[in-house]
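Next come the structures, one after another.
The same subunit A turns up in both complexes below, where it pairs with subunit B and then with subunit C.
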Partner chain A sequence: VALRRRQHSACCRELSVRGPRVRLGALSAATSAAWLAAYAVFALSENSMVLSAAIFITLLGLIIYLHFVKIDQESLLVIGSLGIQVTSSYASGKESTTFIEMGQVKDVVINEAIHMQKVIYYLCILLQDPEDPQGVSEVVPLFQSSKPRLDCLIEVYKSCQEILEQRKTAPQSS
Partner chain B sequence: NSPAPLPERAIYGFALFLGSWFGFILYLIWAYIPETWLFSLGLTYWPQKYWAVALPVYLLVAVGIGYVLLFGINMMSTAPLNSTHTITDNYAKKQQQKKFQEEAIPALRDIPISEVNRMFFLPEK
Partner chain C sequence: MVLKVFFPSCCSSADSGILIGRWISEQSSAVVLAVVHFPFIPVQVKQYLGELQRLTKVTVSVLGSWSNSKQEKEEGLSEFLEDLGTIFSHEPWIQISKEGDSKFWSCSTLQKQSKNPKEEEIILVYYDQRKVMLSHLHPPLDTADGRAEDASKLSAIFNTVARSRVLFMTDRYDEGPIKLTHWQSDGVEASIIVELLKQASVPACMLLAFLLSLVSGICRSRVLKFWPLSFLWSKLSTCEQLGHRLQHLQVISSNRKAQTQTQLMRKANIFVSLLIDVALGILLMSWLYRKNRIGHLADTLIPVADHVAEELQDLLQWLMGAPAGLKMNRALDQVLGRFFLYHIHLWISYIHLMSPFIEMILWYVGLSACLGLTVALCILSDIIALLTFHIYCFYVYGARLYCLKIYGLSSLWRLFRGKKWNVLRQRVDSCSYDLDQLFIGTLLFTILLFLLPTTALYYLVFTLLRLLVVIVQGLIHLLVDLIDSLPLYSLILRLCRSYRLAAGVKFRVLEQQDGKPLRLLMQINPLSYSAVVQTYRLPTYSCYPKDSWASLCKKLFLGELIYPWKHKGEKQD
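Now for the complex of A and B:
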């Protein structure tokens, strides 16, 4: 898990967290195991459709995994006075983006929560409640698949807070 | 509502003790004595003896499933990562702010998460 920071300007920063890449050894091991199991079933049942079905399922499963499941890199682009953009890029090259404008952002905090019998730290964006200035209407968790640890999160948190502080000192002009 | 012993509680306890012993002896009689002997006594309306074994088995399996079910219910009722329940709740939203008095310990309150984060992670210069 690697964190990379790029400062584009005084009020614009990009923080990207890169997860572990798809390893060739694990991929070939999984494929060989699936095909060996299919060959064992074929040896027992003498039905050649099992082999073609196994090949088809392995290919389909690999494509679905690379395109919908395996996230390579997640990045956070913070532009002061404009908004925050969250991008996830998948192993097949697909990128999915979400943009949250600065008026809706209350704060970016590190929250702790119980997740699958563990307590994890995760970074999240708190969205402002339109009726209640002190309230939080929604919580948007970030870096869900790479799940960086606390030291990495603290770096990202400090970077985001430096930019978010500027919108308090600079007068709002909208 | 104290758990101290009272005369009524002693009577309830003794009645339950007698009742449970009576129930147990009745269960043993029904399970072990052959049907013909019971019919000859004139007692013919009993449930099938199958249930003398089936009901305890059902009970034990239900207890085992209960463990798994409780674990699952716990996991289902933990708030997901994107819910506001991880940050605040109804009591914290409605809390009143007491005025700050000099030389006094500040009143107990729920500190908002932004403030807590600033205290932990941003070093004071």
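Now for the complex of A and C:
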């Protein structure tokens, strides 16, 4: 899990966390297991459709895994006074983006959660409730697949807070 | 606050001039709509802007100056541009200049009444004008026109560009005092086919509306409202589906133009759905009538009905014997069994009576598949209901008998314990019975209790059969519902022109250079397919299971009749 920071300008920062890559060993182990099972079934049933079905299913499963499941990199682009953009890029190159406007962002915090026997930390964005200025309408968790550790999260938190503070000090209207 | 300039990417290579657009002061952002080139007369520009403001209700004003010097920087030009700032007084006056073919432009602002002389940061956001104009931002905010803009910055920008359509209608071939550059300035695009369709749609709609009024007048006439007919219409799902489609046609052929985006999409979805439905129906019809498949279908229908009746007879014989090794009460068994056997015999004779006409009826009914695939599926479901009518009858007999028995048993059980159901207070009260009441009650209780297994078995068997038929019918109706409610036009639009349905925007950071403003590219983030289906689903008379599993089981146990696929809006029994 590697963190990369880029400062594009005084009010714009990009923070990206790269998760573990797809390993060749695991991939070949899974494929060989599937094909051995298919060969065993073929040996029992003498039907060659089983083999072609196994190849088809393996390919389809691989494509679905790479395109919909495996997230390679997650990045956070903070642009002061515009908003925060959260991008996840999948192993097949697909990118899924959400942009949250600055007016909706209340704060960026590190939350603790108790999961089984340990305490995990995660970074999240608190969204403002339009009716109640003190309330929080939604919590958007970040970096859910790469799950960086606390030291990584603290750096990301500090970078975000520097930019978020600017909107408090700047005058609201011109 | 940071100043944001939204610059259309089509104006990047425009000649020098002044920038016109909208200034949103609460967000400190300037949306540039077009560039007005030299030479111009300031009075005429102000007049033009006033007219534009009146037409579009968008506060368009001169925002600043744009200089695109292809050679080295001319000193006189920069002073001239600053002087322009005094003529068109705008706070702040934005100056953007591009040198040669450089990607990195310099941007500065002039503030005359600036309280803080500190240089504020500028962000330059490029956007594709045509896509932003055509796109529709979801989730749609409830708009009274002014209030929507306060709610979200992005919707303000999208609204500004969308409502300035009139501005984009003047291109460089127009003979006017003002020369503009925007995305359509090279020539307004129009398609002959689209224009022809628009012209042809008006008389077509009027004709369709007239025909529909005739048809609905016939449907509403008193002749069809007599009791046996109206009962029949309410039971057949084909009539309901036809009524539903008629409603759709009325929506399409109405003369009023769609006011909002949602109404327009709904009309388009209904139209495409009807078209696909009819196309599939005609395909099905051509497949059925080729090689006389429908004749073969009719020929196999009677043997299938016979086969079903024979299977039922075998089942009843099995029940009358010792089914699954259980010992039945012989007399009741024989009575029930013979009763149901006679019923089947009647049914078979009825079917054989109809058999010479079946082929002709089926042939003509099959023709109605050209009204749509949904109608054909509904007809199939109705045919299944008609052919299994005897199963429904048996289920009702068995259920009523069982229900009577259960109620009798529960009431006599209370008598056995010395209690009574108080109808006034809706609760169980104790009651002192006479001796002969107790005697007869106990006797009846014993009789009913020992006859319970026989009745329960018949009830169980026929309920299972009925549930099977109900499940098959339910699946067909689910398919019809799916075809009815799928918003095909929206899905195809999402596939081909994904920028039209926007869930939001995404920013991409372009190459930067120190000292120059931050450059971002704003692109449209399209809606996901599931969100498209959810937002634009067509409403149907959906048949959903009215009971939860718990209440269904309770009804089955008590012997109450179940109708799991009750349609919305049908009167309750």
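Quick note on the criterion: the second predicted complex is superposed on the first by the 166 of 174 C-alpha atoms of A that agree within 3 Å, B and C clash if a C-alpha of one lies under 4 Å from a C-alpha of the other, contacts with A are read in each partner's own complex, and residues count from 1 in each chain.
Simple rule for what comes next: a contact is a pair of C-beta atoms (placed from the backbone, for glycine too) under 8 Å apart; a residue touches a chain by one contact, two chains touch by 3 or more.
Keep in mind it's a predicted model, so treat the numbers as computed, not measured.
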item: First, second, both or neither for A:10, with subunit B first and subunit C second; value: second
item: Touched partner set for A:2, first subunit B, second subunit C, both or neither; value: neither
item: Which of subunit B and subunit C A:85 touches, first, second, both or neither; value: second
item: Which of subunit B and subunit C A:140 touches, first, second, both or neither; value: first
item: Contacts of A:77 with subunit B and subunit C, given as first, second, both or neither; value: second
item: Touched partner set for A:101, first subunit B, second subunit C, both or neither; value: second
item: Touching residues (chain side subunit B, partner subunit A) in the complex; value: 75, 78-79, 81-84, 86-88, 93, 112-114, 117-118, 120-122
item: Interface residues, subunit C side, partner subunit A - complex; value: 1-2, 4, 25-26, 28, 91-92, 116, 121, 123, 125, 151-154, 504-507, 509, 512, 517-518, 520, 525
item: Subunit C partner contacts - residues on subunit A that touch it in the complex; value: 8-12, 14, 77, 79-82, 85, 87, 97-99, 101, 103, 130, 167, 170-174
item: Of all residues in subunit A, those that touch subunit B in their complex; value: 106-107, 109-111, 113-116, 122, 124, 126, 134-141, 144, 154, 157-158, 161
